[in-house]
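Shared between the two complexes below is subunit A, which pairs with subunit B and subunit C, respectively.
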Partner chain A sequence: MNQSPVPKRTALQWLSKQGYRFAPALFFISLIILWELICRLGQVPQYILPSPSAIVEAFFNVEFSRWMTHLWATLRVALMGFGLSILISLPLSIGMIRSELLNRTLYPALIVIQSTPVVAVAPLIIVLMGTDDPSRVLITCLITFFPLVVSTTTGMLETPPELIELSQSLRAPRYRETWQIRIPYAIPHIFSGLRVSITLAIIGAVVAEFVAAEQGLGYFIQFSTSFFKIPQAFAGLIFLSAISLLLFKSVQWLQLWLFPWSLPKKK
Partner chain B sequence: MTESNEKNSLQAYVSMKNVGHRYDPDPQAPMAVQAIDLDIHRHEFVAVVGPSGCGKSTLLRMVSGLLIPSHGEVSVFNRPVTEPRDDVGIVFQKPNLLPWLTVKKNVLFPLKHKYGRVREEDKKRADELLQMTGLGAFADKMPEELSGGMQQRVGIVRALLLNPDILLMDEPFSALDALTREQIGFDLLDIWRDHPKTVLFITHSISEAVLLADRILVMSKRPGTVLDLIDVDLPRPRSSDTINSPRFSELTNIIRGHIYEPITRA
Partner chain C sequence: MKKLNRLSMIIMALAMTGSAFAADKVTFQLDWLPGGDKAPVYVGIQEGFFAALDLEVKIASGRGSTDAVTKLATGQSDVGSSDIGALMAARAQDNVPVSAVMSYFTEAPHAFYVLADSGINSIKDLQGKKIATSPFTSSNAFLPLVLKQNNVPVDSIKLSKVDPGALGPMLMVGNTQAIIAWVTNTALFEQQAAQTGKEIKVLPWSEGGLSLYSSALLASDKFLASRPDVAKRFIKAYAKSIQFTYQHPDKAGQDLHKMVPEVDADIVAAQITSIHNLVFNKISQHDGFGMLTPKRIAATWKYVAEANNLSLDSLDPETVVNRAFIPSHD
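And now, the complex of A and B:
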């Protein structure tokens, strides 16, 4: 009994530790409860702001296979656009690092492309290339490639100059300087670019679906809204956000798995 | 004294004749270094001291061939240096290890980088070098798991891997704490005694230069030129006792005088 103050204090510590740990989840759950309460007590109509419970209901009212069809349509375009932009931006960055002429020639063009709002160009691309996957992939690619080029180039430029000198003093071939020194040094930067780009890829695919599509989560949200099926539109939106979040986390997991040294150290 | 006389009688190995460099091609622009005459003998340990920005690193880059001087000529073994030499090992101020490679792979990196592959005997040599420098147990660790002093040791081992005849060290210990610094200096002397090399050692620390070197080149502030070339006649092997000898203080005071004199005059 005389030991009771000690366990009591550790219990309190345990509670505060758990509180700290679950704070984000608790905040999130509270928000959803608050949302539900506002909708119920304020008698907000479903077509203006559906309650979370109505959204969940709407989600399960749509057949699973339909969800999968739309998901696949969006995911396919997003990943193809993302992949294409990786295929373009990595060689482009390497080329721009190795050749001052190429850098000088292409950099202004890249800035022009990035400054053009892709959302505004999307309808023109559809007119030019038709309403199939290729035009949607191109739109996605245009949105995603710039952060990749910038992060890869920045990363390669941040290689310590002493290592480049080491490479020069060894008279090693230039391609090894690129592959064994510059690119690995750029890995942390490349991955922060990939994290930005993967979420942009979903945005790109949805923008393309808004302009022309018969499938996809963006298309699903748009037609649900136009039929005033607001809970269903919300369900689509939340599903889309969840997918986007999952892709973002996947890029992080990939980095942790393939390049654990490139992550900042945990103290 | 006899030891240093004997070295002086040998043929110059690294030779600089009226060497100067101007980074800016404009002839009106100031020189980074000028009128450097220096003969380094084979397996001699030469330290370079001087104020910040006096062109010490420029000097080192000219010996490595990474920088071709705009004036004069640097030659190694009577052959002018016209391109990067691969018989030099370079140790930088920061260890500059590759964070994605283990200690051993970092040591082997110059070979992998130059030839694209590493032979079994190279791996054996890397192991030996790591053992010799007390890093044997750390061969499979990642650089980030090592202390700063250990990382710099790995940097030195990496420079030794190709068994270079010339070891260029650009303020290699300046990022280390005083105790580590002294210890690693003595370790360097041990390595140098067992595996003789021509060493060009750049440092900010006057006492470090006196403790390690056979001769010390004292440079003026920019544009860097030779203020004095001092024979360090302290007996080897050097140890912490060396620091307490009266001659040690005499030598450091001479150098200190050189470095501060032009400033007080100005």
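And now, the complex of A and C:
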């Protein structure tokens, strides 16, 4: 019995399968190694491009409790701003779907708000509302709420018209039409909006911290740069990106947990 | 009824003890992030100078002189350190309810930084050179004046505006021949230069003929009018904190580090030492520490008006100053 080609093929298959599985991680690791090599062999000064090892060192040079203080300051504002934008966006979208007048009146205003650069408005908000959390939460909310309004409205508009007609022929009240037909249809769209918004919430909190803050990861990055501690600023930046990524994934997990049916079916 | 009376007496007694022990709250506005030149207020808290005068001080960081003046004007802060020139410019254009109550930097902190081996030894040598500055620094307004005073035609230099964090690296790698920054950055730029085995040279504008008040203690007019006693106590403790900071830079560095752990105590100490001359110099010796003399105030306004294209008669510079609170005035 000559069985030798079979295990060879399975080993190759296994390797290619693992390669496919770990391709993103391998690519990422190679990139970091390349970055480290460029910095070391090219003797690039730290203030121009810090090496990954210098960034890791800078990360551990900052006390864990300080990281947590800054993280909590940013996360608190980001989540409050995100929460506020959900509270505003969902009723607003429902109102705009149900009333053509409201839609005509508010939509241009929403476009104006969205096209106004929040970075330019942020200092004015701070002057008007003070330097505490409320102004930072408002700045975050202004950045995050638009994608949510658009995705929720689009989702509700995509409800099959025959279902709406059916509910109307059965004389279902409007609230049932909204909650039991339109909203479920909009769930995938709402979660797409939430995923975009949660990453924008972190950006919003950082923008607010750049304008006025005594704590937070944005403040920490700005502060490190002002002292030319570039590896420390990079450490803050990478930490911030990791948190943003984690929040993005959390929204996905939430969708999987609450509305598994709304996810596209895996092949 | 008796019970009610007893209860109200207890409440009154509690309220009185509360007010007897509660320190007066003061919000201090910085014009930038914490650093060596901002150390005195941290020193005042850590060394107990404010607490000794029954004051509880909260610090708010700022994002530039104009930002600090705005926050004082809108009542978000009571008192703060900022450029007196920014206040003068604001007062000339709008009646901002903020006054200067004590001088801090009696010389201008602006400077050119060049590499030691660049062959640039004075401001006069900058003719035809590439100079980088940050977009929002107050130095930019004074640049044409200092160039004029040193007979360097303004259009002969090639000025570029970049992020403050990029200035040092640009100088070290040779993308620019000079940069503009405050002398408070000397210790940091020296550290960067050391990484590439280079040395830097500082050309302070105060030595190039620019003689004016710069950073000063400002206060909101509302704070001065409604709580004059608190203001007086605060300014007294703040003056003591400045003296202590420059006498004990190492201790000041540690005090700042205790409140802002991200700041290195030794860098702060080096910054304080490098700017000693801005605070304690011939002017402070001659006029007295903290004083704002009418002559120098008028000279400062002349520079500010010219730098900001304002007419000299758009402001009586004396109206910007409130000398009633300078500690040595008593």
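Just so we're on the same page, the second predicted complex is superposed on the first by the 266 of 267 C-alpha atoms of A that agree within 3 Å, B and C clash if a C-alpha of one lies under 4 Å from a C-alpha of the other, contacts with A are read in each partner's own complex, and residues count from 1 in each chain.
As a convention for this text, contacts are C-beta pairs under 8 Å (C-beta built on N, C-alpha and C of every residue); 3 or more make two chains touch, one makes a residue touch a chain.
As the structure is a computational prediction, the values presented were derived from the model and not from experiment.
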item: Contacts of A:176 with subunit B and subunit C, given as first, second, both or neither; value: first
item: Larger contact residue set on subunit A - subunit B or subunit C; value: C
item: Partner chain(s) touched by A:254 [first = subunit B, second = subunit C, both, neither]; value: neither
item: First (subunit B), second (subunit C), both or neither touched by A:246; value: neither
item: Which superposed partner A:265 touches (first subunit B, second subunit C, both, neither); value: first
item: Which superposed partner A:166 touches (first subunit B, second subunit C, both, neither); value: first
item: Contacts of A:228 with subunit B and subunit C, given as first, second, both or neither; value: second
item: Shared contact residues on subunit A - subunit B and subunit C; value: none
item: Subunit A to subunit C touching residues, read off their complex; value: 45-48, 62-63, 66, 123, 127, 130-131, 210-214, 219-220, 222-228, 230, 232
item: Contact footprint of subunit A on subunit C as seen in their complex; value: 32-35, 59-61, 63, 67, 70-71, 74, 76, 164-165, 168-169, 172-173, 188, 191-192, 195-196, 261-264, 267
item: Sites on subunit B touched by subunit A in the complex; value: 61, 64-66, 83-86, 88, 90, 92, 94, 96, 98-100, 109-110, 112-114, 116, 142, 144
item: Of subunit A, residues touching subunit B in the complex; value: 160, 162-163, 165-172, 176-177, 180-181, 184, 187, 259, 261-262, 265
